[in-house]
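Here is the structure we will look at, set down as structure tokens.
First chain written, first letter: the chains are A, B and C, and each begins at residue 1.
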Amino acid sequence: MNSRHDATGVCLRDLAERAGATLVGDGSVVIHRVGVLHHAGKGAIAFLSNPSYRHLLAGTHASAVILAARDADATSLPKLVTPNPYAVYARVSAILNPPPVEAAGRHETAIVAASTRVPSTSMIGPHVVIGERVAMGERTHIHAGSVIGDDCSLGDDCVLHPRVVMYPRTKIGARAIVHSGAVIGADGFGMAEDDGRWLKVPQLGRVVIGDDVEIGANTTIDRGAIEDTLIADDVKLDNQIQVGHNSNIGRHTAIAGCVGIAGSTHIGANCQIGGAAMISGHLSIPDGTIISAATFVAATIDKPGVYTGSFPLLPHREWQYVGAILRRLRTLAGRLRALERYAGRKGE
Amino acid sequence: MNSRHDATGVCLRDLAERAGATLVGDGSVVIHRVGVLHHAGKGAIAFLSNPSYRHLLAGTHASAVILAARDADATSLPKLVTPNPYAVYARVSAILNPPPVEAAGRHETAIVAASTRVPSTSMIGPHVVIGERVAMGERTHIHAGSVIGDDCSLGDDCVLHPRVVMYPRTKIGARAIVHSGAVIGADGFGMAEDDGRWLKVPQLGRVVIGDDVEIGANTTIDRGAIEDTLIADDVKLDNQIQVGHNSNIGRHTAIAGCVGIAGSTHIGANCQIGGAAMISGHLSIPDGTIISAATFVAATIDKPGVYTGSFPLLPHREWQYVGAILRRLRTLAGRLRALERYAGRKGE
Amino acid sequence: MNSRHDATGVCLRDLAERAGATLVGDGSVVIHRVGVLHHAGKGAIAFLSNPSYRHLLAGTHASAVILAARDADATSLPKLVTPNPYAVYARVSAILNPPPVEAAGRHETAIVAASTRVPSTSMIGPHVVIGERVAMGERTHIHAGSVIGDDCSLGDDCVLHPRVVMYPRTKIGARAIVHSGAVIGADGFGMAEDDGRWLKVPQLGRVVIGDDVEIGANTTIDRGAIEDTLIADDVKLDNQIQVGHNSNIGRHTAIAGCVGIAGSTHIGANCQIGGAAMISGHLSIPDGTIISAATFVAATIDKPGVYTGSFPLLPHREWQYVGAILRRLRTLAGRLRALERYAGRKGE
């Protein structure tokens, strides 16, 4: 665990160079922190990414701004000009707020099984439990109360926040960030009905996660039934996502909070899935697909695009009417057809 | 953790006085517990709040009832009469079931950083981990396995149930109740796309929570990106709610389970959000708004009211027809327009 | 925690007998593991349950297959023939992958209250906390970091994975499997509005769970307000399900991930609830009902059947048209009625 303190300050010229942006104006101004346009004060750098906030430029008290060339004339402040202001802001913020240095070492209350070697560069927090034969990368930090099952592996430079669980045999690549309460590798929901009882189907597969993956708080990813559940490199998962067994999420796909993905579904690379979307099992979503928030995907999607399926919000009374008509939409369509036939006869 | 035992008994006259209701009938009857009208027995007090249950009054075996004046004649039992039976029931139940007295003190397995002072009136359970410089109020109880990051603060009389996580710098006011598995202050879901990779945007803000807030089991509240995520006084959050970064929830708003709130959204005071509602980011909901369960809010709401947007339940076969018509609703509307034009010509 | 290793091998004849299927072909072939038809290799047994995968039979490299009589002629491999291939596969997989033997015993870091007796056949993992007067069955395993409140009970042969929380007085029957992060018995969401403030209604009931229940990762089940929340025998709950207070789930009902069930709702026996379905409070669903995924149940269902209520997925642009028409569906219905009246007059 760490605290964020105000940065000691970096001059704008250095920020331009390190973040890869063009400096326009006084490069000697010292930047201590990032801020938002309408609240930033002296020593802060703000950014303009969405042009609809352009009007805030005039009134900002920031010491510098990050923006695109098209907006550069709208302010006389020292600035970093770039085609991708949001990415430059991300880099500037990371420079100004380096992750806290945490001492390596193993807390005396951590329990580590005999066959697991803990690299001297790693940090193992209080009350952590690590099973047998776990492979741990360098500089990986496992915070308080996390539990790592037997035969797991974790790459270099990972951070597991407090109270993460990895079930046995789960594999996570390098530079993962896993937030508190995430549960990776629990049994998939597999059972066979037999004479009025459920028989549990053993869940023998693993969860295998690539490099540079972030997993949000209280997100759950189930192990496969026979084969593995796979999460590719650079996948970003927000909080409270559920990934069913044997699913497969392609490279660089980002999924917002509260999304549910049923089992054996294949989501391609470079997809974006909006919050609370729900995706059925045994289907496929092609690379580059965008699913809007609160959309239910019930069948395979054949070609990439933007897909939506949410019910529009209405004043409750209006919704009652619409709902009632919707329930008899079939009758309505029939009445329309009848009128058309009638008009057809009349028109003869 | 605590057990609830049968109360030793309070006479109805005392309950009337302490709960603020009018006693009608024998005030000397001793009440030991609360019950529901149809199952309550001797020694129990039941309540009637919803008039549709009025018929249960006749057959109840409760020793007394709490009800409104309009229903008072429907029973000859001793009674507490009040304009707000549910609130009086809440008070009576609290009187009959005082929270268990738990000894203050710090379990020997708790890890508390050197710079944090634990008040002698607080209770710190087994395997709790508390970071540096944490400010703790009086009589605050932190149950087993909870993890409090550096520089957090907690007001007086809070209860953190087992396995709560507060990330560093999270602030919670007085009298909070936080249920197990809640994660407060994890990083918001912020990243910038840069050349086919996601760059993490440092999440520098905090979560700041007012007084008298209850947070349900496995609910997650993310810290702000630059500024803070704010939860005002008397906000009540049920289980498995997700609150995105930089969001803002106004005073006395209650939110039911499974609700998702994306980032940078402002929810006003005195709102009620039904279960599984989903609210997009960067929008605003005015004070006093009611959002029905399972409703998706995709845009700012301009004036308070009751809003709904759920698809009606249908027998599956009927839904298949409705769904098919819905998909070609545009064609249907076009056909209607064509008929109108035709009728218009005919009507000339 | 445990690891799965390749089974030492069982001959097909033994599998047929122990799993209750008819052997056809060479019973001496030794089976080491289960596999899927298209990836299984020598030593593996695969199964065919869904006839749409029948074409995979021809190319499989499995050493044997499990299938129904109708598909038996499609392969010359040694086979187990059965009316229920999926159930036989479940049994075969369980035979080939017996749960790992874990040594009974109590980890030295576990905290067990004085009045609780731990059977010598049970396993209590590191950093587990068990309260007073807990009744524990034989051979029950409680993994790392779980917290069991005072006066709970757990039947024989249960497995609690790491970091489960049982609030005080929760009862769980025999052979339960509870996955990590599950929270059972937290307070229901009950409060009374009183003069612009929320009064907490004490949640005095318990959660009482039958035998053979499985509870998924990060699922939450709230205790009752006055009476108990009840989960019957053989109920299977997937991950991230929320069960509100006083609800009641009947025998052998299976509920998929991300489902929310509000308070005081009665779900019958032998129901199947699809993922992300949302069920309002104070309603009733009869035995044998099937609710499709992503469906919102807002009122009592009178007779069993399959019910659905999800919005169809559309290309975003098409959805915009449909949504716009849907909003004015009432006008559309009115225009249709006007045309009918007009046609009626014309037709006279």
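Please note the rule applied: a residue touches a chain if its C-beta (ideal position, glycine included) is under 8 Å from a C-beta of that chain, and two chains touch if they have at least 3 such contacts.
Bear in mind the structure is a predicted one, so any value in this text is a computation, not a measurement.
Judged by shared residue numbers over all numbers used at their interface, chain B and chain C contact each other through mostly different positions, with under half in common. With rounding to the nearest 5, the Cα superposition of chain A on chain C corresponds to a rotation angle of 120 degrees. Centre-to-centre separation of chain B and chain C, using mean CA positions: 25 Å.
Contact with two or more other chains is made by residues 109, 127, 145, 163, 181, 218, 240, 258, 310-312, 314, 326, 332, 336, 339, 343, 346 of chain A. If you check the complex, the residues on chain B that touch chain C are 1-4, 33-36, 39, 84, 86-87, 89-91, 93-94, 97, 107, 109, 125-127, 143-145, 161-163, 177, 179-181, 212, 214, 216-218, 234, 236, 238-240, 252, 254, 256-258, 270, 275-276, 293-294, 310-317, 319-320, 323, 326-327, 329-330, 332-333, 336, 339-340, 343, 346-347.
Residue ranges on chain B touching chain A, taken from their complex, read 109, 111, 127, 129, 131-133, 145, 147, 149-151, 163, 165, 167-169, 181, 183, 186-187, 189-194, 196-202, 204, 218, 220, 222, 226-227, 240, 242, 244, 258, 260, 262, 278, 280, 290, 292, 295-299, 301, 305-312, 314, 318, 321-322, 325-326, 332, 335-336, 339, 342-343, 346.
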